[in-house]
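Just passing along the structure, written as structure tokens.
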Amino acid sequence: MEADIHVLTTGGTIDKVYFDRLSEYQIGEPQIGQVLREVHVAFSWEIESILRKDSLELTDADRALVRERVAASRCRRILVTHGTDTMCETARALGGLPDRTIVLTGSLAPAVFKSSDAVFNIGFALACVQTLPPGVYIAMNGRVFDPWKTRKNRAANVFETIPDDPGAPRSDRA
Amino acid sequence: MEADIHVLTTGGTIDKVYFDRLSEYQIGEPQIGQVLREVHVAFSWEIESILRKDSLELTDADRALVRERVAASRCRRILVTHGTDTMCETARALGGLPDRTIVLTGSLAPAVFKSSDAVFNIGFALACVQTLPPGVYIAMNGRVFDPWKTRKNRAANVFETIPDDPGAPRSDRA
Amino acid sequence: MEADIHVLTTGGTIDKVYFDRLSEYQIGEPQIGQVLREVHVAFSWEIESILRKDSLELTDADRALVRERVAASRCRRILVTHGTDTMCETARALGGLPDRTIVLTGSLAPAVFKSSDAVFNIGFALACVQTLPPGVYIAMNGRVFDPWKTRKNRAANVFETIPDDPGAPRSDRA
Amino acid sequence: MEADIHVLTTGGTIDKVYFDRLSEYQIGEPQIGQVLREVHVAFSWEIESILRKDSLELTDADRALVRERVAASRCRRILVTHGTDTMCETARALGGLPDRTIVLTGSLAPAVFKSSDAVFNIGFALACVQTLPPGVYIAMNGRVFDPWKTRKNRAANVFETIPDDPGAPRSDRA
């Protein structure tokens, strides 16, 4: 892996498309490649599609696969696109891998929609993966979150910091 | 009803949106109003949302309701937005209403998508409803179809004329 | 020319793009081809780019060229994309060509914009060219206009019918 | 200024819109506000429009104004949207202001275009302004550039690092 940034895709809303012939809505091709081609970025990147699932359906085996692929990467800067519902859980499963800046992002609306947070989030996450020190991060809602202290607020449809609890497990980066 | 054109919406792919909190894909608000507001059309229109269903789920009672609303309209030019799967069937259920130009349209991709036939089809159908004589028409794929001689080819995802059969029922406009 | 519809492009706002290297805004490639490819229309078409001008810059020689190309077409259904400022003037220069339905359209916002009337107008005009009898028509703002009785209201940025004048020249189709 | 991020807008391609009534292309309202409203970011922001110019037209007095507004800000994280042609020059004019992370971004295609780098660049720059230490940075083409070592390659339409020159002035952050 000689690219500056390694992108692993796992599915989630960001990659959801609509299949009229089936009258349903499924995970399609990774959308991030189309975004990167439109923007003419000045870094090299490689995309690896490892799963195509709604994040509510991800199993422990799926998370082990994501961890394995991140660990196997020869790249130190790794972006993972992922469904939002269990993004924090997968992020925590990526703790403890040395010398890697790992950033997870996704979107609340599919990238194929006219109005979507997907392109913004991809831009935001790609800056995080280049500027942050080694560790695991959630990049959503225009902010960087520590996965060990973050949850998705489903009612408000935003990520938020979990209020402090003196007994909580320590961050990967602490 | 004093508007130039009466728009009845019944649901279908054209109005499908994605609800991330539910992680599913459902019929949302009629999209045609948003389209008409963006374009600054020089005719008056009124939108009436009568159903919000995938057209595969429409019942005989639903079709009777559509016919009742079309018959009750004080407008002679009526556009019906509808799912594509049973659009021809609903169109045929609107036969025999005098003095009305009734055009059905919809889309193969949701209107909220960046790439969709929805806006094109709405423009096309709104010309048909103003230029065609009384009768019932399907306006899809950039063509005007006679519902009594048309079917949706699901494999190719296009509407097409059914090859002639001397014993077929006559068109509403014949 | 064996296509169902012959499209002649002359430039205008619909085809305007932005060239950052020049820091200016110019007529680019005809946009209508991209629109037709996205929609999967069920008719055949051929595009001929004959001019790339803002319509305020069109000369009598340019209009003679448009008339010559329309007259030379072997197709009876002809769509002309054109700038809006002198669309009515060009339309009138196309009067008296027998056996042809000629429709002019364009847009008030460039087709490359997120919010534009271009796709709607193209859909609308393509229905007009298939449904209207021989003659010359303006298809703008979701309405069909007679070029001999129409003007662009620049202040309101819409096309409108010129109030009746008993001494006005007769329509091409009267 | 109590917002997390202070956004100063100066014009440039990112804010260019098309005025059909004038048949020309000018700097419009700042587009970044619309982008931020669509994305539902979880930080507070304030937008201040200080100039509306193509960056080739910026004068020394304009740059002095930008510096004055940055220096006057009570916010430590400041994003400046700017035309690309002289972005590096303005960035260098912002050197030496203590305790501020200042990021300049813009776009090669207007934000109102269907295909534009604007939303990606805004997302990227907003991560930079939150993650980078005090200093002045260019965020373009998906990379962070040091304004004292960067130029816009107009032929290739990308930003690039100027090859090392032992006698070059030192970076603001060195």
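Side notes on the structure shown:
By written order: A, B, C and D. Residues from 1 in each chain.
Everything below uses one rule, namely that a residue touches a chain if its C-beta (ideal position, glycine included) is under 8 Å from a C-beta of that chain, and two chains touch if they have at least 3 such contacts.
Because the structure is a prediction, the values reported are computed rather than measured.
Under the contact definition, chain A and chain B share no contacting chain. Centre-to-centre spacing of chain B and chain C amounts to 26 Å, using the average Cα coordinate of each chain. Rounded to whole angstrom, the centroid-to-centroid distance between chain A and chain C, based on C-alpha atoms, equals 46 Å. Residue positions of chain B with contacts to 2 or more other chains are 108, 114-115, 157.
Contact topology of the protein chains: cyclic, one closed ring where each chain has exactly two touching partners.
The list of touching chain pairs reads A-B, A-D, B-C, C-D. Contacts from chain C toward chain D in the complex involve residues 13, 16, 18, 20-21, 23-25, 54, 56, 84-85, 108-110, 112-115, 154-155, 157.
Looking at the complex, you find that chain C touches chain B at residues 35-36, 38-43, 108, 115, 117, 119-128, 130-132, 139, 141-144, 157-160.
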